């Protein structure tokens, strides 16, 4: 069953959600359709911010903060730097053949339909939502879980990041050696 | 002490040989192979004394695979064959210089290890692992130390490798299917399975493909002659003396008891295939120019007869097949060694280029003649005992099988004597031919002694293998 | 404090992330610029992350969020390496259009 | 005691063989020859002892050594059976064997491989003894194949000559064709009666109530094929004349006196089987008669002294089979024995001639040897008289018995046999006249060296000539010692002694007249008219066909050997490569699929992604929707 928000009696939360969702989807679209990569990047930042807003809405403040730092901060800066480094602009984009566009649209529609059909077909969700009352999203709880149960993956994540870092350095360095 | 000892000796031997350096390698390998022979004789003693020398350990729990080595008379007979032939084969190579000898001899021992494992394994997957393991050393031996044009050799050897591997994959599929049915790879559990006729047919065919290529039964033999020709003689001996027997042994141990209904139903077809191999191999052997190729085709003819005997599903057929396996193992190793001895002196394998050896080296000629005669199953050699028993069992199935299979007596004599005449007799070839050296002589005498002894007194072998063959027949005839 | 999803409903989050994910796919297929393709991939990743968080709230369980952490870490690493690769490709062939990357042609 | 005797009997020649093989060269020629001769002589002495024992007790001796081959319903012992038949055979095998060994010491003295020759001869005697005294068919088979092997080795004794080797190979392979028949016969008998043991088999057949007579006939036929191979009967006879390539003592021992009679031995041994297969018996008789006639006709025109004797042997063997075919086993055995005497003598005599002429075998280059080689001449003359059936020589009695038997059963076969006998007389005396009378036709150098052979050669000749003269006494018509001696062997009441009536005397007279006629023709043609056979290229007409042995070798070559060889070539060149290509084709197909599949990999990431998404859709919808 699709839960259609009752706009006439929308609560604040609902309004915020709709607003955020609207921004998210629009900016996502704009990211893809912008001819200028820099514009795309900026739309993507907005998109990420709105997703962070969703996180806040879902009461995961810490995650929202991290998200902003990692995505909007680190990753997006990387993107922007790269774009600027390559000095990309809209002229660079080659002409897309019609078949590509058609294919993209077809598959977009297809996967959308498939996924939505799946969710509609799935078991309807019980309307009531539990609330344990525990502040499970606080940094304290998260930290405990992360360093208790997920200790090993956590360490692996750090190794992964280290390796990625080294890899990045090597990738850029090798180029210089060749020259 | 149980049968795993012999495997351990061979495996350790392979590594020690590899690390002992090129100079010592051959001697170390001989030492270890002799140790394995002694060990197998001791084990045989223990077995005859009624001691349990089998091993069952669980190895992998999921899926359920056990490290199970079952030593019954049949398995022990084959192990003894391997253990007796390996030292002879190693010893026979003493006259040759091999580059990177440590790897060469290490691989030989490793191959002996794998083949022994195949003969002993009582767990389907373990057996499969050993079966495939045996392929790896011979691939390298033939590829690296072989003779002839490198490119052609590579082609022949790769063909052999892929061909046998492809056949074995069908066997693996069959084993996996059997596992889903039985929930275990252990041979007893597989014997107990009650499969429908249709299932049995497919399993039988899957096994058949693996074994027919290995044995080889026509029309799956095309790899054989080329590989025999290209491989170094040691490799050829290992292939023809022992590795072929893996296929034949497996027919008795795995194929027939697991799919008895199919075996009974289509018996005649498979016997006919075996006999077709006899006639075809003999006829093709008539006009071979290369000595090793001729021997390869003669081998094809003989194993065809053995296979036909196995598929008769009678005690005689099975017994004859096993005896013939052993006899053929020895005789073919001897013949290939003779080819090698000639090659050492003449540096050729072309039959036409030889001749007149008898005048210059009577001892070698006598030994070669005895081997030739054993190969054509002259009474009083072990081959005769085997061939007679097999032909008798064939005559019980259908007298025509015996008559057609019996043509090996005529055609075999024809091509072997023709070869003997062109290689050994006639006017003296201008090249000098030194008579056998002591080392060479020892190998020959050992082989000939075995053949003649069991030719007159095959009872020890009969007694050894009969109980286990009876057990197998019981499984075959359970329903 | 009550569950926020009482007011919004998990379905809406699901649909939001499905739409986001499909936009990501669309972008990957539609654009030829490798950087935009990358961005589309990030959008897809975020769609999934969002769903994780939503379900974490739904189940009142912090594990979903932990997973998001890890996915962020992976994303960060991926972007770092990926962009480095892009840069070196750009240096070599002077373009980052994926149409030019046809070395996989058999 | 019996076991030990039997073992000494068998193993002495083997021991002689081993000694000569391993030490022969260092021992020197005379010693190795002596060892070989003594080994066989010991066996002869043992045979005499056994003969004595058997004639006194009248019972056979059975010796079982150990189990040999186990087959589910057959248990085959390595055992010996010494009864009347085998001891009789032993006597002449070892007796003539000893004489021929003795002869060979001198004959082979110039050969560098003399020790080898003696070792092979000893090995032959060993196998022949095994053949004769085996207690079952399989032990017989050991000997059977073993003598074939020795025959192979000895025919090809001068192994540098590939023609000789071809002859040796041919002998072995033709024998093997027969051996296959013998094996099949054994299989049938084994499955019918679950035994291959003679004694058990005899009782089993006697006790069997409803025998499958067609199967038994098939078995008998197969066994007879075996006998054909060994005893050189049509169609497997062509190896025997070629086998003359071997040294002459070998021809005398193996290819005249002993080995070739193995077929007759086997048939006589299994008389109880053949008695039940009457249709096979008629086949045997017919084949025997035809063989004797065909071989005799070929013998008429041969110029090689040994070839004449060889065809004569084939012809005489045919006569023996003629007798066997009528169930007259003791008659056949009688002829075997007398034939062994006179044929061995003839061969040894021809050997003496060849020895004197340093290897010359063509009768066109002989003549006039009567004066230089008197002993050889007289002994050969006696033997020729014997083989021609001149009264009171041994051959007269035995051949007459055969013809009498034939007459009683089938007149046409009797006629065939008689004609063959007349021809025998003719070609034997043709041989005698060409060799010993008139002037010497060889080269001056040969003439210069002509001499009578040494005493080691002449003594065996004399002994054999005496035996050839008086050998007939063992089975005089009406008072046959041999028939009585052999009687326990046969199930059927033997033909018995022919009642000597008018018919018999008439027949005897006819036979004698025939023999004399043959001699007379030879006399007229080769003594009076002084004819010498034409050179090879001048032979025409029927003689050419005969001289070329009816082109049987060529026919066999075209019908059997050439097709097999071309089949072999065809298999090698086409089928093998074809099969090989078939296997490679599998690889090529895989290659081709890969090559086509390669084209799918356009390298366009966009396409990959598109397909990827489609695949994702498909998988997701399969998992979640298609339940």
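For reference, chains read A, B, C and D in written order, and residue numbers begin at 1 within each chain.
Here, a residue touches a chain if its C-beta (ideal position, glycine included) is under 8 Å from a C-beta of that chain, and two chains touch if they have at least 3 such contacts.
None of the values given here were measured: they were computed from a predicted structure.
**Student:** Quick one: most central chain, C-alpha centroids?
**Tutor:** If one averages C-alpha positions chain by chain, the most central is B.
**Student:** Which chain's centre, taken as the mean of its Cα atoms, is farthest from the centre of chain B?
**Tutor:** So the farthest one, by centre of C-alpha atoms, is A.
**Student:** Which two chains have the greatest number of C-beta pairs in contact?
**Tutor:** Among the chain pairs, A-C has the highest number of C-beta contacts.
**Student:** Please work out the Cα centroid separation of chain A and chain B, and write it as a whole number of Å.
**Tutor:** One centre to the other, that is 66 Å.
**Student:** Provide the C-alpha centroid distance between chain A and chain D, rounded to the nearest whole angstrom.
**Tutor:** About 100 Å, centre to centre.
**Student:** Per the centroid of Cα atoms for each chain, what is the distance between chain A and chain C, given in Å?
**Tutor:** Centre separation, chain A to chain C: 5 Å.
**Student:** Could you grab the centroid distance between chain B and chain C? Build each centroid from C-alpha atoms only and quote it in angstrom.
**Tutor:** 61
**Student:** Find every residue in chain D that makes contact with two or more other chains and list them.
**Tutor:** Answer for chain D, listing residues that touch two or more other chains: 606, 610, 613.
**Student:** Which residues does chain B have that touch at least 2 chains other than itself?
**Tutor:** none
**Student:** What positions in chain C touch 2 or more of the other chains?
**Tutor:** 25, 29, 32, 99
**Student:** Return all touching chain pairs.
**Tutor:** A-C, A-D, B-D, C-D
**Student:** Across the complex, what residues on chain C touch chain A?
**Tutor:** So the residues of chain C in touch with chain A come to 1-16, 18-27, 29-33, 35-36, 38-40, 42-43, 46, 49-50, 53-54, 56-63, 65-66, 68-70, 72-81, 83-88, 90-91, 95-97, 99.
**Student:** Note which residues of chain C are touching chain D in the complex, please.
**Tutor:** It is residues 25, 28-29, 32, 98-99, 101-106 of chain C that touch chain D.
**Student:** So in the complex, the part of chain D that touches chain B is made up of which residues?
**Tutor:** 21, 66-72, 74, 78, 116, 138, 141-142, 144-146, 149, 152, 156, 159-162, 165-166, 169, 172-173, 176-177, 179-180, 183-184, 187-188, 190-191, 564-565, 567-569, 571-572, 575-576, 579-580, 582-584, 587
**Student:** Quick check: in the complex, which residue numbers of chain D touch chain C?
**Tutor:** 597-606, 609-610, 613
**Student:** Quick check: in the complex, which residue numbers of chain D touch chain A?
**Tutor:** Touching chain A: residues 606, 610, 613-614, 616-617, 620-621, 624-625 of chain D.
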